[in-house]
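Following this line, the structures themselves.
Both of the next two complexes hold chain A, though its partner changes from chain B to chain C.
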Partner chain A sequence: MTEQIDIMAEEDSFLEELNRDAKNIIRGIGFTAIYIITTMIIPYFTFTWVKELSIFGIVDIEMTQSQYDKIIFWILAFGLIISGAAFFSYSSPPQSIRGGIFALIQVILNCFYIWSYKFSGATEIQFDIVNFGFFYLNLQQMIITYLGIYFLTILLKVYDIVDFAVNREKIREKRMEKLRKAKEKKMMKRAKK
Partner chain B sequence: MRVSRIIRLIVRIVLYVFTISLTIVSLLGGLSAITIITNPDNIGIPDGDITFTFNATNPADNYINVPFNFTNDGYFELSNLFVRVRLNMTYGHYSGGGPTALNVTTTRNIFDGNHTINSIPATQTINSNLEGDSSEFKNIPLPANISSVEPVIFGADIFVSASYSLNLLAFRVEILNFTITLT
Partner chain C sequence: MIFETIIVLEIIAQIIGVILGIIQPIVTPIGELMVLWVNYLLQYFPYGNLTLYIAIFIILVVAGVIINASIIGRILKEKVEEFEDKLAGDEEEEEDIEEDGEIKNLKEKDESVIYAFSDSIWDFPLFSAADYKIAVNPDRKLKKIAKKNLWQVI
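Presenting the complex of A and B:
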């Protein structure tokens, strides 16, 4: 009987581990999808919409094709890298050093992504108002403010890595205790049955 | 929960508040800028006829008045509305002297004036004028140098700029070579 319980406990622990890993992978895929939508799909459709806007209700304005191509290229390139990094960051176990490092990499990539708006020319978009003149939209101040917030996030991620490294044992103990309690609970239920 | 995690949670919440506020302000600001520029009634520059008198013989008579209106149809206050009018004169004159003199066309800038309005609250409309008297006209060619063969053409370059959403967004419109006739 005890042998049977031991085998079952072993199977349970394997399934639990598998379940936990699957959960992490699903979480990673979910966040990758969110990043693909927010860093690639939404900006792509926004710039495509802005490209051929009608100004003053009567005049068509056009963003130059080369500027549009450049902006879309950099947004998609960095968006893709960020989305990839998001998978590794969010599929790592919570409060792990691995997760902390990938989160830091991801924030730095986010800074590059935002900065790509600046060097691709998306912060000062120029439109030709056909046979009339030009229209300029300047978003530089907004991008700089976002970068400020991201800088604070980088500090937070560095703090996380230091915290995870210093309190590694405590975090591990807590994780193990949580697992042990969950296992005990299951065993108790099974024994009752 | 560990103390370090509590500190982190507080900082994280503050950062989320910053990011969400900035995103909302930016989205509403962008939407407002689009709302303003896509409605032809919002930016009236010039709003009606431009009063323009020009006399090369008697420069004291020179005068320009450009009426304009601006409606802030957005969600936030619009600040630093700057309107600039640059007037160019294209005229014919003889280059060189004697029988070999050539009739050439020259364009020179004879007026450059601007008007600034510090702020326009949301949903408000302002009506104003950009005026320039003889003292602001410059670079006027001597009447003897203006050929009667070529017609004198006056064209204005109009620049309008403003900032929005706590100066996070700025836009500028340039209308080039807008033909002006004497009144």
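Presenting the complex of A and C:
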């Protein structure tokens, strides 16, 4: 009887752990898919579309074949690493140090990714207005401002890592407490049955 | 309605403009500094061959699965602990204690819910018979087992 209970408890514990792991991995896969779509697929199709528009002379974004190849390469390259880092970060337990470290890596990689947009020529756009003239939009300055704001995100991520490291025991205890309560609830339900 | 929406959008744009205007003198130099190191490091990223980036992606995903699936981690940890115990010549006492049948039969005698409180690994048979296990100021081995089995530790 007791052996059976022990085996059942062990099986329960195993299933719970498996369930928790599966949830983390599924969350990781979900976010990887989101990052693949937003950092690779959408920009890829956008730049391909913009290039086609510029060929037909609809908009005046000068994008040579070499620029197109370059931006597509960097989008795919950084998109792949960002998506990989996102998988690692989001499949880690919440508030874990390794999750924090990979979130920081992801933010830093995002800086490279954003800055690589300048290779497309899409950061310097000239708009021609018929019978009026033209105006020149320098988005590079906007990206610099954005990177400056992004620096604050880096600081926040560093703070998160320090926080997770300092309060490691507390976070772990809270996590264990939560799991224990869920387990107790389950056992109570079983006992009532 | 459309006119009102345009006014709202204009107000939002003005607010964003004011905020950007205030933070720009601080943020732009930081952005320029960011651009400096990004440009510096960007030259070390290989260009023209995606294989390396695909490899990094695969490594990150595989590493993520291995490290974050705690089942694998637990198995590895247990293996390492077993190996360490073997090296130290420390025999597993818990199993011997578990074999003790005297207290194990408690559950068969009484169907009511049993709470067990203890501070020592020597009360392990009592814990295995109880429904709720609470380790009070536990010794090293009991603490280890309590953490592993998610028992309450006070």
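Operating definition for what follows: the second predicted complex is superposed on the first by the 163 of 193 C-alpha atoms of A that agree within 3 Å, B and C clash if a C-alpha of one lies under 4 Å from a C-alpha of the other, contacts with A are read in each partner's own complex, and residues count from 1 in each chain.
Simple rule for what comes next: a residue touches a chain if its C-beta (ideal position, glycine included) is under 8 Å from a C-beta of that chain, and two chains touch if they have at least 3 such contacts.
Keep in mind the model is a prediction, meaning the values are calculated, not measured.
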Chain B versus chain C as contact partner of A:91, first or second or both or neither: second
Touched partner set for A:111, first chain B, second chain C, both or neither: second
Which superposed partner A:170 touches (first chain B, second chain C, both, neither): first
Contacts of A:159 with chain B and chain C, given as first, second, both or neither: first
Superposition-derived comparison: chain B or chain C, residues of chain A touched: C
Which superposed partner A:138 touches (first chain B, second chain C, both, neither): first
Partner chain(s) touched by A:151 [first = chain B, second = chain C, both, neither]: second
Overlapping contact positions on chain A, where the chain C interface meets the chain B interface: 141, 145-146, 149
Of all residues in chain A, those that touch chain B in their complex: 53-58, 129, 132-142, 145-146, 149, 152-153, 156, 159-160, 163, 167, 170
Complex contact set, residues of chain C against chain A: 20, 23-24, 26-32, 34-35, 38-39, 41-42, 45, 47-48, 50, 53-54, 56-61, 63-65, 67-71, 74, 104-105, 107-108, 113, 128-129, 131-132, 147, 149-152
Residues of chain B defined as touching chain A within the complex: 2, 4-5, 8, 11-12, 15, 18-19, 22, 26, 29, 33-34, 37-40, 43, 165, 167-176
Interfacial residue positions of chain A with respect to chain C in the complex: 1-2, 5-6, 9, 13-14, 17-18, 20-21, 24-25, 28, 32, 70, 73, 76-78, 80-81, 83-85, 87-88, 91-93, 98, 111-112, 115-116, 141, 143-151, 176, 179-180, 183-184, 187, 191
